[in-house]
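Below are two complexes that have subunit A in common, paired first with subunit B and then with subunit C.
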Partner chain A sequence: MTSAFCSGCLTQLRQTPRAILPPPSTAVPRTAAFHTSAPLQKVVQKAKASGYEGPRYRVGANVKIKKKGRPQEKSRPPPPGERKALRKRIVLSNPNALEVEGMQELNGETMVDSRLRGSVLALPVPMIDQLRAVQAFKTSQGWSIFRRPGTVSRRETLEMGRLFDQISNESAGDRSSLKRIITGQRKAGKSVHLLQAMAMGFTKEWIVVSVPDARDLVVGTTSYAPLSEAQPNLYVQNAATAELLSRTATANKKVLSNLLVSQEHAALPTVKPGMTLEDLAKFGIQDQANAWPVFQALWAELTATSATPGLEKHFTPRPPTLVTVDAVGYWMQNTAYHSIKHEPIHAHDFVFVRHFLDLLKPGKGKSALPNGGALLYATSSSNNPSIYAFDVALKQAAARHAGVNPSSSEFPLPEPYSKPDTRVLEALNSPKPTVSKEGMLNVQELGGLTKEEARGFLEYFARSGLLRETISDEWASEKWTLAGGGVVGELEKLGRRLRVAA
Partner chain B sequence: MPPRLNLFAARSAVPVVRQPTSASAAQRYAALSRPCQRSSVQSVQRRWTSSDKSTKELAEEQRKAESMPHVSEEAAEINNIMNKEKRCDGTPSSPELEQGTPVSEILSRDKEAQKHAPKVFQNQMKKPSGSRSFSTSARNQLEENKGPMSDAENAALIETMIGQITEETQELMPGLKYPAPASIPKTEHLRRRYSPVIEQFTKNIMRDGKLAKAQKDMSIILDILRSAPPPKINPKRPLLPGPAAPQLPLNPVAYLTLIVDSVAPLIKLLHARGIAGGGQATQIPLALAEKQRRRAAIGWIIDSSAKRKDAKFAHRVANELIAVAEGRSGVWEKRDGVHKLGIAARVNIGAQSQKKKAMSMAY
Partner chain C sequence: MQSVRSATYLRAALAQRSAAPSYLAAGPTMSLKQQTPRRYATEATPALTAAPEIDFDRMLQQRSARVVPASPSYFTGSPRFFDHLLNLESLLAKYAALPTVSANDSPRMAWLKLPAFRDLVGERIPSKKYRGLLKVLNRLNRIDPAIRPQEVRLALKEFLRPGNPYAAQSTTTSVDELGRARGKGKRKESSAVVSLVEGDGEVLVNGKSLVEAFPRVHDRESATWALRFSNRLDKYNVWATVRGGGTTGQAEAIALALGRALMVHEPALKPILRKAGVITVDPRRVERKKPGRVKARKAPTWVKR
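And now, the complex of A and B:
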């Protein structure tokens, strides 16, 4: 006859007396009688609380010493928002850097002066607040190591300056406009090019409307709602629109406070003719539910060429408008938002996005920017979505501007079976405008600086005390090559790179 | 019957084939010609039949060319030389007569002739040479008119000289379009592009092998050092000699190096057991190498930065570095503590070796 105990149980015999006689109040859990170890162990575990009972079943006899790791940080995490504030902080001055002697400021004369090509022009101090308001500075740009912010005057900058000067000098009501999509490789200076455009716009007292990062509107961080019951497939982002109004009102305060409401706005009964456009914008900022109608009203006021009959006394000619959008590639795909049927919403179904993309097309009857101005939309090359249709659309836009007939064989077409997003191709399908002064959509590619410009840029580093080298043509040429043919962001890296004397 | 085969004629008949310049070529030729000897002979014979001269005449010519001239010919030659070299008066020429001897030489060895020499010669012999009343040395008129060389000319002259030298060097170092650089800075090498302290600090702030994160933190630290106000040096805790405090932020690498080197301990303490007996450890001071010293300092700085309240790691470390520079940090106390213990434990320096010696003696 076999024993009822297995050998494993026999080893436990030493501990059993207490377990076998449990206090009458606690019932030993009953299990199947074929094995007794489970209920026994359970009781033993319970008794462990009283103290150490010797090594447990199948536990190694070795002494285990807990390793002392690095002392854990016991300090509390920083208060909410502090880390983000640190991440988003933009520092525009380094008091330790040397003041550059004879540095010129950007103004009406210097922005068109070709003799200053390759030199760094400082941004005027009063304008810095305006540029901060439109979020023209980015954290990835190296503003924080120089005494004061400045940008290099390159060929494209001077060309843009001349165009801005020309548009400003035209008579009000008959100004031309400029439509450009700015492309280029990573660190080529696309965002800084937009910043220079904004600085020139502020210099010429234009109205500057800026979307600093198109990505913010499509990644699902803003509130959204259908536009109206009549149009359930169009969506509005009120919070984002209110922010746009806030940026525009703060940065263009001086210009907007001198312009008066001279149109009828049926959708906004609180808006009275004769109030300033700044106050109009503030309506939308305070009441976010009305942000989109207020923006539409403001846009109608800015693009008005004449007053509604009866309100002529409030009308003054509107200045040209500059619209900049950075990282426009994000607007060429489905967003992170979903419709009521839980289908992804295309970016072009948001009225905000649609408004700015429609400006690229020629206006019906009158120019898209009747008071003149410029549309500058830049692509981004870091962390941007790769959209085939957008790439093709850019090539098509360039070909159309070059005069290639869309039906000819030279016109770039998407590959067969590639299934390009037709909405994207359609959005950039901007034929030659019928209005004489309206510019046609063009694509401008930013390349590297020339060697002379690169030398001027590196000299600026040396004169700021950051670069301890003797700048010669040979040295600058070497760095120009190392920077991939004068890519300005790479030159900046080389300029601030720290070297040890050999 | 004349011999059918004339070797001399055969040699002259195939001059093109007979031109091996080197010994090896000659051997090759010999090896090649051996199997087809017969055919070459035949071709020679064919040549003979086509030529106008008879076999005898050809052989005669050949012998003349190869052997010494005839005795009568040689005699005629010698006669010609003797007769032609003769002077017009018929006496055979001698080297002295032919070349002539200067009068001054004859006068110098003949005292009698000196007396009867012309007066001009006598005057010349009395006066030491070179003391004539007028100068005969020629001068470059152009140079005299120019006066001292101008700077531009000097520069041009030097330039041409340098040009010549560069040309010479280019000849010496073929393959270089431009002269080779004198010395390439240390940091131009890909693997050594960061200065040693920066590299060591970066590797020491690395956690979980994330070097890119550590490099980003390092660049933030250097940017903070660059833009923070210059440190107010505590006179009790001075940094090592280096640039003045207001100049430090503009060279953050030197700034960081100076901070790390200033708090780096000179020694570490080795806890040696079994020397004093009774299970007690004996502290033995050991000198550290530069890298080890820096490692200790960097470790202390990172440890004490953990107590700071800044939101980001890089900011905590950067603020700790500035605190070290200003003498506010606890790292200085750590260094002092190690040095103090080291001084106290100086007596133990030889202890380990003495113990070993004693052990070996006992055995």
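And now, the complex of A and C:
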């Protein structure tokens, strides 16, 4: 009789190890005679099913009520760009403020009138668009509390007005130029001083080229690229340059549309002689890849003293140029940009920055501003980088202007082991120019207003209805002291502070 | 031997105190000579002699029949105090006719405080009695210092605190040769020194301008408060050095120092400056942290278990 099972197959079946068999019902595991390992494995005691086991260590037994969080905002966030627009919004008028009677406007006469020292001069309404175009107004300045924008005419303003007037009155082709770095403590009015310069430039129909914040070029917010394959260590910022062209073209539309291209521009085949400089600038705005060559072409046109042979019919004498840069300290350090080897790029390796810093040096053969004009670069004292080399360089520039010989012992030198940035020292190393009428680089420190100027400034607050006090000499003098010796921003803070009689 | 030594000590002490008021006349005491010196046993002892006869007549002549206290105030309970008081009162009676000066012009004296006086006399003096004594002292002190008798001077000196607490006032109370007045002030952890010169209202704090030193307007106002309140902000220049503490403390330390410096220039401003609150010193400091507390007084968070 044959079995249903094949005995050979059965013998090949392996016996299952005991441990993976289901545990016996009894608690004590059976032990086998010969096998010791598997049965000795204890049956693992399972953790008890979750049940209350009393309070844990140092945990309160109180009933915990889950707090509701903040009610979630149901509304959508504002569309992109709106918050920034609100932050950057500049309000230049306050209809609630009183209109100041007899307020004079800034014009050719008032900007040099020393009788108006200490009074606030209004900016002419047509000029406000130009000033907005060059971004001369800052949000931190209190434009929004007065009926119309105006600036106080202080000693430095009048001096600058006289210089501008003098440069404008000189014959074309033989105009002098002015180079200044404006320093001063916080809220001393450096940016407003630049604004006043720009307003005077527009008054005198100069060409105003402005960099409203030097910081924008170095903090890594605009695109950058190597200038060319031949010069891989120089970088260009096309978007920023296009913006500069746009600012310049918009603000100086009236002047630029009357000037014609009278030089050869080999790099720009589309630029034809005889087109206006405004159109030239628009090339760079529309085609950002060409922004830098267009800016160079525009600058060559503006600094031309004569036409290329053959193009004389397009040439008219160029007006003086005003160049302003605010917060120039940001250009004296490494930027947030990196080279292809991931090394930080120094600000002076950007052609944009280099162009404006080179203007500080005396021109080779001819003046840096051959048609005259002014370079006014202001430092910033709030949120500015602290650069030792720049501080020393400013002292050196002031000493050079004062006539101190750089080899003499009185010449300020950096501390021996301080390792200053030599590029910064070199950038401001501007010796006495050989070309006559070219100004030498000077450092002008803006301090506080005098007591008389401060009184006039505070009277303006009172006449605008912001300050309900009787302005006396004593009162103004007290505010002058509290404002740290007439620091104009601090005076504004004191003037606008609402006082309620108890 | 010990008893002999203590007896010797006592005798010496008694001899010393003969000058000081003694309250009880010294009773008859044994003299040292009456004690037999120590001898060797082999020595021949001299023959013992009887004591001399007591001469009662002489004894009664010397001493009264009952013991009389030396001080008349012995039975008051606090005899030393009354001795002092009677002494001062007799001085006052003696010199009552001498010319006096007003209390403000009399030299400032730091009299002993009550506990120290109690220690001096070794008696429990109630404060009211001591106040009475002080009244007499102050009246004696009003005698014109130019003609004050030496006797009074010495008597008053006995009641002065050791050291002279009022001698430490060495601050210059006048403007120096460069026209500077100096004042010091403290508040919280800050201490300020101010030099005040006549000028046109410039203020420098640690070499910095007021704005740089105090960004907050309130601090600037409180630092210059003495000058503002007296309408002299445009008449003086201030050079302040301030160390320690925070902004508020520094500003208020300057205010105090400035008030003091201003009083050197114009002492008549004192009532105005007092009204401005720059004379009164605020002595408060941070209260120390206590064990078992989170801060000086803050209790730890309550935990049920």
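What we mean here is this: the second predicted complex is superposed on the first by the 434 of 502 C-alpha atoms of A that agree within 3 Å, B and C clash if a C-alpha of one lies under 4 Å from a C-alpha of the other, contacts with A are read in each partner's own complex, and residues count from 1 in each chain.
Operating definition for what follows: a residue touches a chain if its C-beta (ideal position, glycine included) is under 8 Å from a C-beta of that chain, and two chains touch if they have at least 3 such contacts.
Just so it is clear, the structure is predicted and the values come from calculations on it, not from any experiment.
Peer 1: Kindly classify A:Ser477 by the partners it touches after superposition: subunit B alone (first), subunit C alone (second), both, or neither?
Peer 2: second
Peer 1: Contact-wise, after the overlay, does A:Gln185 reach subunit B, subunit C, both or neither (first, second, both, neither)?
Peer 2: A:Gln185: touches subunit C, not subunit B.
Peer 1: Answer with first, second, both or neither: which of subunit B and subunit C does A:Gly465 touch in the superposed model?
Peer 2: first
Peer 1: Going by the contact rule at the top, pick out the subunit A residues touching subunit C in the complex.
Peer 2: 55, 58, 60-62, 185-187, 451, 474, 477-478, 480-485, 487, 490, 493-494, 497
Peer 1: Which residues of subunit C touch subunit A in their complex?
Peer 2: 200-203, 209-212, 217, 220-221, 224, 228, 231, 233-234, 303-305
Peer 1: Any idea which subunit B residues touch subunit A in the complex?
Peer 2: Spelled out, the residues of subunit B in touch with subunit A are 183-187, 194-195, 198, 222-223, 226-230, 249-253, 306-307, 309-312, 315.
Peer 1: Where on subunit A does subunit B make contact in their complex?
Peer 2: Touching subunit B: residues 71, 73, 75, 78, 82-83, 86, 91, 94-98, 144-145, 465-466, 468, 498-502 of subunit A.
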